[in-house]
Amino acid sequence: MRQITFSQATLEAMAEEMRRDENIFVMGEDIARQGGVFGQFKGLSDEFGDRIMDTPISETAIIGAAVGAAMAGMRPVADMHFADFMGVAMDELFNQMAKIRYMFGGQTTVPMIVRAPDGLSSCAAAQHSQSIEAWFMNIPGIKVVAPSNPADAKGLLKSALRDDNPVIYFENKILYREKGEVSEEEFLVPIGKANIVREGTDITIISYSIGMKKAYEVADKLEKQGIHAEIIDLRTLVPYDKEAILKSVKKTHRLAIIHEAVKQGGAGSEIAAFVAENAIEYLDAPIMRFGAPFVPVPFSPPLEKAYRLDSDKIVEEILEKF
Amino acid sequence: MERYNKDLLNTLYYKMYKIRRFEENIESFFLNGEIPGFVHLYIGEEAIASGVCASLTDKDYIASTHRGHGHTIAKGADLNKVMAEIFGKKTGFCKGKGGSMHIADFSVGMLGANGVVGGGFNLAVGAALAIKKQKRDNVSVVFFGDGASNRGTFHEALNLASVWKLPVVFVCENNEWASTTPYRTTTSVADISTRAAGYSMASKIADGNDVFDVYESFKEALDYVKAGNGPFFLEAKTYRIKGHYVGDPELYRTKEEVQKVFDENNPIDRFEEKVLIEGLMTEVELEEIRIKVENEIKEAINFALNSEFPDPSELFDDLYV
Amino acid sequence: MRQITFSQATLEAMAEEMRRDENIFVMGEDIARQGGVFGQFKGLSDEFGDRIMDTPISETAIIGAAVGAAMAGMRPVADMHFADFMGVAMDELFNQMAKIRYMFGGQTTVPMIVRAPDGLSSCAAAQHSQSIEAWFMNIPGIKVVAPSNPADAKGLLKSALRDDNPVIYFENKILYREKGEVSEEEFLVPIGKANIVREGTDITIISYSIGMKKAYEVADKLEKQGIHAEIIDLRTLVPYDKEAILKSVKKTHRLAIIHEAVKQGGAGSEIAAFVAENAIEYLDAPIMRFGAPFVPVPFSPPLEKAYRLDSDKIVEEILEKF
Amino acid sequence: MERYNKDLLNTLYYKMYKIRRFEENIESFFLNGEIPGFVHLYIGEEAIASGVCASLTDKDYIASTHRGHGHTIAKGADLNKVMAEIFGKKTGFCKGKGGSMHIADFSVGMLGANGVVGGGFNLAVGAALAIKKQKRDNVSVVFFGDGASNRGTFHEALNLASVWKLPVVFVCENNEWASTTPYRTTTSVADISTRAAGYSMASKIADGNDVFDVYESFKEALDYVKAGNGPFFLEAKTYRIKGHYVGDPELYRTKEEVQKVFDENNPIDRFEEKVLIEGLMTEVELEEIRIKVENEIKEAINFALNSEFPDPSELFDDLYV
């Protein structure tokens, strides 16, 4: 199958769906003239003209106007430039976008997508490196996806563009340039379904987005020790695939959760707690979470390196529990 | 006054009077403990919503505030369902999930009250953007208070509406108070409409207690906006007659101060006086409208009181599509 | 000992500390003229004059200016009116307040307090009823406290007012009116230390803030079934008292966590995950979390009631696991 | 020109030239891959930070932007530590934790660059509030771009500063670009200082490429603010000569357009021309300053290059007190 980058995969999803649905349009900073900070909108304005709109540096207006346009029949895509800037529009995200449908008794839908490039890149420091998906797991009314590869990037974005609920689409900055197989046929990846990307018997490793790279590394290293890990790519964080998780844990009796975001209060906490609540009797070892330490992201290369997940350390800690 | 045919006069009076009587009833039900949560009354400001909404259709949008009953009624929402919602009944517009602070009627383009002060600016701008993209001949209106004009969303919304020349009218209800705070102590301009120049936006000040002035000014705004000139800023000067919310002890001002404004500048009295003196309407005609309003309100109250509360099982409905 | 309300307790803490430290001042909406939406600042402006400042409705300015003033040598207290409005100033809270000290290599401190009244009151609906403390457990650089009674309210606020780190002080709207014993002597409650408010042997119940009311109800009801619950009042969420939690769980072999906030991704997830990671072998039953369902807070009384924690149901579920 | 004694002239030239040469060096180190992260250069805008900071002391505060090297240097921060920080060394101001986008020197009142556009407004307002509460005779200055002027924080900060009459000067560096976007397409006024009137705030426009005009205008602002009149808004018109960040392909404008501005309106050339023609300084004096700057920069580079990176164990330092 052909290989394309994650970034190209999102571009294809956008173009295909924008051709299909004329209500889709895109708002954000530097997306029309520049094609996005990471090139993830490159060329779209050639085909779609003023459906790709460069905005002022006004994040509350970007999200707020997207909500308003969604209520008035459009299907806006709002680009956040960096996920780090979602805090600027947090009220619009959690008090408006997430609540409108419910609070108004289902009178309207808010079909919109928030695209949020996240994660460490290369020494972008404290305010340009964050992964804050966990907050949104605590906010009812939003769907949250976080693809880990080009095919999922395309399939989930297409699904999101057809979903009548607000969807936050976390796209990792490092993954943009990664290549992977993506079918030329049209396909969707359903929101809410995890992907068992590797079957195994000895331990379940759950991850999503860039964390999946570590998941594979860790699984490969464990394999060398004769430990067969089952890897679950969560794909969607809200709603997350409870069934797939339980099924796997009941089979492997062990669980490790890996994500790049801060460990304390991270998405892994919810997953771990869910399993401890629903399958503790199947577990032969502590549930392990691996995530960033409890400090802001530092700038200097050796500090950033120390901040990052290290698959050797993860393997070591896992082995200690075997 | 030639454009004030009977229909229009009736409409203006009907809307204002309906809001007034609705609010008076809400106040006493609330004080009797029959309405849950909290409510903010629009009494004394009826001329603004009425004068604005008289020129709007169901295809035009409004975004509202925490003080949203007046906007909702003026926009033409079914009174029964407004009343039922405020009582928390399942027959209300939001099936009891919203209440006073989240009243909405999407069928008439009323995009919702908002518990977040300044939350409506960008929603209205977004609706105006939709109108423009859909190449429709409609407008979007956002009502907001003097207090809300100090939120950052005010700035971002006005700037965006201006650079994209969107069909939106910003209607500032300057009632001189933001809960317990006189607006002059927190707002760096005397006329909030002064700020429109910072967005190259046309603006006007109207007497918010004179429904004719509001109506005329808004018409001007509408013509301007519909001609494709971009947004318009209308500041309606008024005064908050009631406490910030029902039950507010109002320690921050005297009763006399308030009473004086109400006696001298009651928009409904002013309308009545004017139409009678100028011979535009008769006392009989006014009375007919008042009777109609009383009946509608009585019906709405009955409807609300006789409606069921939602069943606890409905808690999980309407979250996702 | 004398009894005073939670609200009075915070007032005493403020007054005592403001007398001690002239750098403390307070900013917020309706706090000088009105004494706070819940009367929690009542009378302070009589004594402290322009050190109690009514602001415009400008939450980003309230938090941002507090951060700026803190860096310039003051000790600001910023009132958020309702915790629900923290989203408006989220960027200031998480990208500025939380990161400044670390990101600038310790050149400055940011001694400030954010006071955030939270929780359900009486049909205040979706945007005036929330508890969002979990987000802040995922953000390094902030301390987070959530007292459950007047004595802790006073002691923790006093500690916060002497802490050189930014502290978010979640104060529950219903608790304001509750009375409790508060010593007339000066005292502090240390940030970061949990309180074992009742010793027990059969199950550990962890809670904080208004959740503690349910914790007591549940424990009392369990007691009638012959089950002796140990109750931990967490008091502080960041940093939370890991030692106390582990010690108790290792003794009781069971754990239930209760909070009013949304269960999914709530503070209970972190606590549960922590225990599943560090003491799973001591557990005789699943770790149970009790929190709000995954919907915004509805307005209508029967819906709001259905939304609330119900101690009977909690007891029932706990008993099922015995 | 009488107030321009030799000291002052030296200072202005020294600051500008130092920033210029610093940035040129940073650019080439970055292009050589020796600087981590990303950097935004201040080349062509030196007159603003220099003209402003010439009148400030260490007890005055500035809040800066993502494009903060110039502000930091103009405020008098130790060049070695600035350089070391940008290289990510532990001898830098932030011990390597901040880098270019978070450079800060609290010892000279430089409250930090900011990775969040518009993040500095309220910080500066807060510092001004502290000054007022401490009854000190200082000021707080916030530098910000044309792009930042569309953020809600702009509005909230200006309003608050105005109603509380705080000693803060808002210095808008209108360099016509917000990354790839020409400011006129996203900003609803031609002169951003027009917005000051919306906060009843005094304002002025200066030629941001003429350090004398910036200096004079800022002096006026300073006198105004120090007299207790409240905040002042100064818009400095300039142009962004370099790409938004080093490495920016700049597809959105032509090289010629940029070169033309740089040739005709280079603040350093303009200074040199002026002082030479008016006989205020000699070529020898200018050269002396340039040599001094080169030496300082050389030293700073050596310092940075010879400094250690932080030890991984330092990751956990400096979070809580």
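Descriptive notes on the structure:
In this document, chain identifiers A, B, C and D correspond to the written order of the chains, with residue numbering beginning at 1 in each.
What we mean here is this: a contact is a pair of C-beta atoms (placed from the backbone, for glycine too) under 8 Å apart; a residue touches a chain by one contact, two chains touch by 3 or more.
Remember, it's a predicted structure, so these values are computed and weren't measured experimentally.
Contact with chain A and chain C alike is made by B, D.
Centre-to-centre separation of chain A and chain B, using mean CA positions: 40 Å. Per-chain CA centroids place chain B at a distance of 37 Å from chain C. Per-chain CA centroids place chain B at a distance of 46 Å from chain D.
Along chain A, residues 55-56, 58-60, 84-85, 88, 91, 95, 102-103, 125-127, 140-141, 294-296, 298 each make contact with two or more other chains. For chain D, the set of residues that touch two or more other chains comprises 94, 96-98, 102, 114-116, 150-153, 156, 159, 163, 185-187, 319.
If each chain is drawn as a node and touching chains are joined, the picture has every node linked to every other. Taken together, the chain B residues at the contact with chain C in this complex read 36-38, 88-90, 94, 96-99, 101-102, 114-118, 147-148, 150-152, 178-181, 185-187, 251-252, 309-316, 319. On the side of chain C, the complex with chain A involves touching residues 84-88, 90-91, 93-95, 98-99, 102-103, 125-127, 132, 134-141, 238, 261-262, 264-270, 272-273, 275-278, 280-281, 283, 285-289, 294-296, 298.
By the touch rule above, chain D contacts chain C in their complex via residues 61, 63, 92-98, 102, 104-107, 111-112, 114-116, 119, 121-131, 133-134, 140, 152-153, 156-157, 159-160, 163-164, 317-321.
Across the complex, chain B is touched by residues 29-30, 33-34, 54-60, 84-85, 88, 122-128, 293-296, 298-303, 305-307 of chain C.
Every residue of chain D that touches chain B in the complex is listed here, in rising order: 150-156, 158-159, 162-163, 185-189, 194-195, 197-201.
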